[in-house]
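Accompanying notes for the structure given below.
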């Protein structure tokens, strides 16, 4: 009995550690993003006239910074939602989570690429592809953990798990659609990502009917 | 009964996670600030004579580093104060907190800008504007959580909450005044920020009367 | 009695702190790795034609990024495994752990070196040597803690500890063999590191016989 | 009674948060240090011949990296030792700790300076001065917390606190002596820092007599 509880406590501790580790990666990535924007280098003599213009030129970089910041926030919440019902972890979960974290910690590169060449199609496709993979991995994690209550409480509501799965698949759907859009208009593709901010409340409303 | 307590524990755990995440962002930003100062690049032959002068030239960068470090410390404490009475968190709080963290993690850019072009008005205005937004967001968080005890203990003293709100608004007041001052003297505007270090004890004294 | 328990709680808290600190270093290193890849700098006029080619040229850097990410994951799990049975910590353990963390936090340098000069033998040897030292230090930590149950539970299974030691020595074995291979083919040496991903399940299977 | 315990729990939680925050700063600084070493930029054609020599030229940077890593480890342990007996925290402690953390998070700059101009006296003096301030601040924290048991358990041994104070003052003593030595030999000054690694066990032995 005590051994079982001990094992339970240990499994919970392991899970806490992987969740904390993931939160650390999220916090570092979200904070490193600003390093993708460099302060313009202007000679002191002409700083007064040139500075406003040079800062305005950075607008696409600020835009890609803000997009990436919000996207990380969306994924932090999704990760949160997926791990909340879990009661334990195993080797497969650890590896799936590490692969997911790789797509998150990779973010400063596509963000920088988008800020530099946001008018090109390739950076938009790379950005969207990276997050499609991220969402597919997160959906896999959710499926793996809840399937047959492998790592979740038996009392856990299965409908909740299914909602997570649909939510998890809605994100790559948005990104894949945006790749299609990017063939017509690169800007429209980027703005379509804003749909991500509303898919969640939307799905929530649909379910509660 | 147990379910209610369970929900309570879970809400507390969620809250802990967002507080820890925020602390992570604070710790990373405060430590990344030093990367805004580059060691001067001098040929070995003339290093002995030139190094002292070149380091002195970095003085404005050191000043903006120290200011930003202290400002982050002030915000860490304010964030602390705002979240201490909370007993739960919801989606709106999460998003407000993420927007607040964006203004914090953005800091290395205005700090760098200030260190490079501290004699210009624009960097001073950007710096002050960024933190005015930060404080308004924190005041919004405080108002959202305490209003009708939405996320705080019903026993929580409402006067304390009001003090937080006033404190939260004192900071953007200082920054907005400094923007006004910057039209006359950029340096005076920067020194006016030091008022932030004393607004807190000042307000505390006024209240205890 | 209470004093003993108090001391026990304190020892556990100290251990938690060193484990959390180590996790922090792991999380930061794994996230900093992406900074070793710079977005190519192309004039706006020729960006459309040159970007795909220039990104392809970064392939070796992406490869060394992915390798390093997976290697950190392997070490995170190994560190986890070594510290799980511990019940306390002392000064020697702290220093051994700091030396181990030095080899981990050093990683961005050899990763960058590998991405830049992956066709040379020297970066491959430096990379492999660094992780051979890391694994030897981790094996030393495991040996130090479990030897005579110095820092582990007396009830802890000694066979488990021995397995960790063997696992710990398997990693430098792979890296040392890869150094030998690098004299014939630098690429073959790098691919031999993939063995690390299977040594663990392999040893686990052997033991369970 | 419950209120008193509640306040105790809250004070402990606040203390945990500042300790965790400090640990975060330590972990980030110790991991950022490697960014002070850049991989040499050599044309592909001559990489094979030049790489070994160019890496050897980085030796002073590696040395200053290793020194700084070990110094951070020493301070992490000292910080640990100072905060262990504490049972609460107040505003003054928070500010003293933030000032202390500023000297720690400042470290990448003097480390980089030392790696670049290690043969000059100025970087050595700056490095030693920074850590003298760090140690004086840590000694102040220790004195502030233990004086009249302001923030420590009344049962806490006062002799232990005095030892911490002496330990805290031994470090700036070593650094101040090294500044004196630097007027004769810059290298001897740097090697004198290694004394830091033995002052602790030394003082421990003296006390136990």
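Labels for the chains are A, B, C and D, by order of writing; each one numbers its residues from 1.
Operating definition for what follows: contacts are C-beta pairs under 8 Å (C-beta built on N, C-alpha and C of every residue); 3 or more make two chains touch, one makes a residue touch a chain.
Note that the structure is predicted; figures quoted are calculated from it, not measured.
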Superposition of chain B upon chain D: rotation angle, C-alpha, nearest 5 degrees: 90
Interface composition of copies chain A and chain B: same or different, split at half: different
Inter-centroid spacing, chain B versus chain A (mean Cα positions, whole Å): 25
Between chain D and chain A, distance of the C-alpha-averaged centres to the nearest whole Å: 36
Contacts with 2+ other chains: residues of chain C: 20, 24, 28, 32, 35
Chain pairs that touch, as defined at the top of this document: A-B, A-C, B-D, C-D
Touching residues (chain side chain A, partner chain B) in the complex: 19-20, 23-24, 26-28, 30-35, 37, 39, 42, 47-48, 51-52, 55, 65-66, 69-70, 73, 76-77, 80, 84
Sites on chain A touched by chain C in the complex: 10, 14, 17, 20-21, 24-25, 28-29, 32, 35, 91, 94-95, 98, 101-102, 105-109, 112-113, 116-117, 120, 122-123
